[in-house]
Amino acid sequence: MIKVGIVGGTGYTGVELLRLLAAHPEAELTAITSRKEDGMPVADMFPSLRGHVSLAFSAPEKARLNECDVVFFATPHGVAMAQAPELLSAGVRIIDLAADFRLKDTATFEKWYGMPHSCPEILKEAVYGLPEINRDAIRNARVVGLPGCYPTSMQLGLAPLLAQGKALVNESTLIADCKSGVSGAGRKAEIGTLLAEASDNFKAYGVKGHRHLPETTQGLEAIAGRPIGLTFVPHLVPMIRGIHSTLYARILPESRDIDFQALYEDYYRNEGFVDVMPKGSHPETRSVRASNMLRIAVHRPENGDLLVILVVEDNLVKGAAGQGVQCMNIMFGLDEKLGLKQVPILP
Amino acid sequence: MIKVGIVGGTGYTGVELLRLLAAHPEAELTAITSRKEDGMPVADMFPSLRGHVSLAFSAPEKARLNECDVVFFATPHGVAMAQAPELLSAGVRIIDLAADFRLKDTATFEKWYGMPHSCPEILKEAVYGLPEINRDAIRNARVVGLPGCYPTSMQLGLAPLLAQGKALVNESTLIADCKSGVSGAGRKAEIGTLLAEASDNFKAYGVKGHRHLPETTQGLEAIAGRPIGLTFVPHLVPMIRGIHSTLYARILPESRDIDFQALYEDYYRNEGFVDVMPKGSHPETRSVRASNMLRIAVHRPENGDLLVILVVEDNLVKGAAGQGVQCMNIMFGLDEKLGLKQVPILP
Amino acid sequence: MIKVGIVGGTGYTGVELLRLLAAHPEAELTAITSRKEDGMPVADMFPSLRGHVSLAFSAPEKARLNECDVVFFATPHGVAMAQAPELLSAGVRIIDLAADFRLKDTATFEKWYGMPHSCPEILKEAVYGLPEINRDAIRNARVVGLPGCYPTSMQLGLAPLLAQGKALVNESTLIADCKSGVSGAGRKAEIGTLLAEASDNFKAYGVKGHRHLPETTQGLEAIAGRPIGLTFVPHLVPMIRGIHSTLYARILPESRDIDFQALYEDYYRNEGFVDVMPKGSHPETRSVRASNMLRIAVHRPENGDLLVILVVEDNLVKGAAGQGVQCMNIMFGLDEKLGLKQVPILP
Amino acid sequence: MIKVGIVGGTGYTGVELLRLLAAHPEAELTAITSRKEDGMPVADMFPSLRGHVSLAFSAPEKARLNECDVVFFATPHGVAMAQAPELLSAGVRIIDLAADFRLKDTATFEKWYGMPHSCPEILKEAVYGLPEINRDAIRNARVVGLPGCYPTSMQLGLAPLLAQGKALVNESTLIADCKSGVSGAGRKAEIGTLLAEASDNFKAYGVKGHRHLPETTQGLEAIAGRPIGLTFVPHLVPMIRGIHSTLYARILPESRDIDFQALYEDYYRNEGFVDVMPKGSHPETRSVRASNMLRIAVHRPENGDLLVILVVEDNLVKGAAGQGVQCMNIMFGLDEKLGLKQVPILP
């Protein structure tokens, strides 16, 4: 059994980790920290876990994280990098759900997250936790920086196009029109995501600039091996879970005869958590609700020169906690799907 | 034109007052206070008011409330009673949407609201602003304490039964099973009413005790002229606006032949904002959405001895701001329906 | 492996059965019928099942249900009783999610369901599938009639009170104020449950009379061994899944010293799917979402003589498909929790 | 008073027309037809109208539509063109909320709507009812074909760019990523828009082709006086009302110094129902809920060469019934805002 610790388990990605790990046959939850809730049984805060999780929150200094095999950070940005050096010295591996180990360039990190990076040398060895792209590197990683929820959908949605030897689409005019449920904003007391504000309502936000843009650009450029240009427009959907990314790419004249449906199916043929749907499909976010699956549909309206790629994922699972468990499985040599076989909840 | 001031216009009852007063033909909005938003145009915070309200928030001390004819308090409990003496000396009339002038007994007030009452002598003259019950007193009131949202629905739902010379039902075993949309919790940054917490979910709360119980009991006893016993169980509904109260009263053996449908229709025959629906109706909250109407249906399942009274209202209109405007119309000798003729929004 | 057939798998209880059985380690889904969708892969209709269910719908006559060990009917009322005789002769056991085998009195059945009962002799041997009450009878049943969703919550919520040797509460004035998500209305093309009609809205329905009343009364009288009187008022909540029943029972004078919290805890001490929550709790429907758990809280406001029992369940799981799988486990001698250990989905 | 008839008042655009016309000071509702509901008071079907509309539905042949000044068709496609010739001969003017008089090319109409056009000569004189573009033609029109809900938002969102003497953006690669609440699908018994299907869910639909594409292209080309190329991807949002269109246009090199914010403000300077919001705004659909206002925000992320235009409207008001009333006001020489001054409902 893998001994697992969680730092910061009171948010949505934290409780989702708890849900997944409580049912994982090879993981043993040994510590979960929260300074504020020290001593409170986890199931008192989240009654959904009654009978499934008997652990109580403990203050960080009591948590004996050093004895874990792996520690997940489901914390605000900045926490993981502060604790990483000590844990690594103790031989503990780290999976960070926040942004501390996503951006390779510390200047970019500082610009978007407003804090200096405290351990650039660890950042250098950290692996970006997108298994479909980085599986081999994840296997031996000591530190995994999990992708953001939007970036997961954008990168997996565009990778088959960009991972080819030469450009098939105009790679400098990519557009990602993304829509997310409100759990993506976290379990934070804020007016903007109150039910009375956000339900029966729809809006864009962050059009000027969003932290997930540099992360996604970095990832796409790594996939393509070439510079890319992306415009990213996020929107808030009145629902709890789910991301739907609508991606637009202009086909180059010389690529007009490519069968893009086949290209996508080939690219993901051996992936357990990416489902390329039949031609003409319109994937729904609920078709992946509470599961680690991501579904993609490839459209080319009127057989013209614009590709429209539809991608859905559960932002808390494939976009966060589930992807973390998938990485953990890889890091510890387990079946990648272990503990992640839940059937999506519909209706 | 009546010169109207609003203290505390950044919450849901405040913005609803703004919506109603902006379209009121005899009201002139002259001041709206918010210390925190001093100088900010109201329509910057609430873009729905662009083109309808040109006023900016001003700090209380700059607001010249003394020059108003009437001031509404859409504030937390305790604010109105602090400012009431000065305004009254200046000849300004007061309509309080909070609880400062609801409970006649100061000990009860202090028990439920956790603060001493600072002006019990003003409390004595304050009128409880339920026009269907207290219309005459409201006309000349200097201070009106508006009912809470739940109490409005419970009192208007039970009044026809209790207002008779003798008891028709067992008045000591009344039950009110009430359901409210989340705007009733106010525009406050709180985790419990986030969309991700409160949508696709239903629960009771405050079963042990809720502030609206003593207020309702006081009101019902005033109507009946006798002691009554009420159990009140509030629930949170995943919707924005609306209260549905399901009221249970056990018919006394000697009253079994009464035509309760007729009793209700008679009682409310001349009321413009209470609609007794045809027999067998199931009123929906959306049938009063954004309007000052309250609808009632009277049921007697299997013609037995239990009356089931269904009541719907918009908690922000008839349960708060609309009732306030209705009182204002009465206080200033206007047509009671002025500015309150909006057709409910459906769907 | 138990060979399982499903008749009528295109509704909500059908797809929920599929979700549960697809992950059940001892069940093998061998046939699922739908005349209309004959030949269509189940996962084409419900993409959430892609990769989990490879079966296609087949017309009833092709389905070889006779070779199953057990057949679930997730059909409109009347279908199961038409097919029961043939299946039983073939040695197939039956679990009906509709109402054909719930009501013991055929006249009552005919009154509420508007059709004659075609096999009263089978009805006689049929067992009411509420394991916490009828576990022993279920074990050997050839035919199980699963309770309705509301009746499950009402009966399990009141059973501890009524199952005592003598009356503890006034058993003729019980009230059940119940609230259900819209999936309870089924996957049927109807205007009343469109999102544009039912969301941001709340209403009661069926106050005059609802089919679940005679069923619940029959069940409660069986538990009590005495006649009981119940008023049942159902309401529609703008959410997908979940039932919240608020139950009211008047404590008899001689029972005022009973510790009802302890009474409930004792009664359900050994049950795996009933959770009596700590005193003062307000169970939320989402705390059981997509799981077979039912949670109960016992309240006694102001320590008076009215018990307020709060019950939550997922109407599609403990209120339908999950309860069916629980019964199947019992009927085939398996661990009662097999395939039913899912952690509820929160948020 | 203008005598107004409505054909087909049982859908969402019909009841919205009723809401608006009931409060219109110069309109007198004289007939509303529904064969199916002949004789039923309108307020029995829509209790929100109790006290506001006393009319009953009448069968078409009894409705004496010939005596109206204007008749609105809130019907399925094909109804208006069947009745238009007779009404026009009687001197009645027509405003059609369906598609009969939108597409100028009958072949295109037949392709997308699957029926021949029965009165091409009337189609020729019909005016496309988008006041901000066609105000003068509407004034004298006998027949107005109101734009679809999506086309209104796309055309008003792009018009300022296209209405210039020369192209400012690449006019052949326009993209409209649009999101609509479910009331856009109408008040029809369909599984896809049930609350249990469509809530807590998000998806695209009709990516292959949607009827609103040829209509919008026709409109944009009329505005530009040049051919344009548009990709339109509609999505379904789990909310009742509202459309949010996110429009993408690539700025031509020679136009990079244009102040697009100023261009939009200038273009709509005198419009009462189009609000160009301050730079950096993210308009919300609820900011126009239940009102005839349409709001636009102009973005240019990172000051690059992609314009991102955000547009919100209430699909039932500015996207249907409200625009119809606006046209009526113009046709009858009234103040264009008469009866359309409602403040949006927030929250």
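Lettered A, B, C and D in written order, each chain numbered from 1.
Everything below uses one rule, namely that a residue touches a chain if its C-beta (ideal position, glycine included) is under 8 Å from a C-beta of that chain, and two chains touch if they have at least 3 such contacts.
Everything quoted here is computed from the prediction, not taken from an experiment.
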Original post:
Which chains are shared contacts of subunit C and subunit D?
Top reply: A, B
**OP:** Going by C-alpha centroids, which chain is farthest from subunit A? Tell me that one.
**Re:** B
Subject >> Centroid distance [mean C-alpha coordinates] between subunit C and subunit B, Å >> reply: 39
Subject >> Inter-centroid spacing, subunit B versus subunit A (mean Cα positions, whole Å) >> reply: 46
Subject >> Interchain centroid distance [CA atoms averaged], subunit A/subunit C, Å >> reply: 37
Original post:
Among the residues of subunit A, which are close enough to touch at least two other chains?
Top reply: 12, 181, 183, 187, 196-197, 199-200, 238-241, 283-284, 286, 289, 347
Subject >> Contacting residues of subunit B [partner subunit A, same complex] >> reply: 12, 181-183, 185, 187-191, 193-200, 238-240
Original post:
For subunit D, which residues are in contact with subunit A within the complex?
Top reply: 173, 175, 177, 179, 181, 196-197, 199-205, 207-209, 231, 233, 235, 237-242, 244, 246, 248, 250, 280, 282-286, 289, 299, 301-302, 304, 306, 308, 310, 312, 347
Original post:
Which positions of subunit D touch subunit B when the two form their complex?
Top reply: 12, 15, 19, 22-23, 46-52, 183, 187, 199-200, 240-241, 275, 277, 281, 283-284, 286-291, 293, 295, 316, 341-347
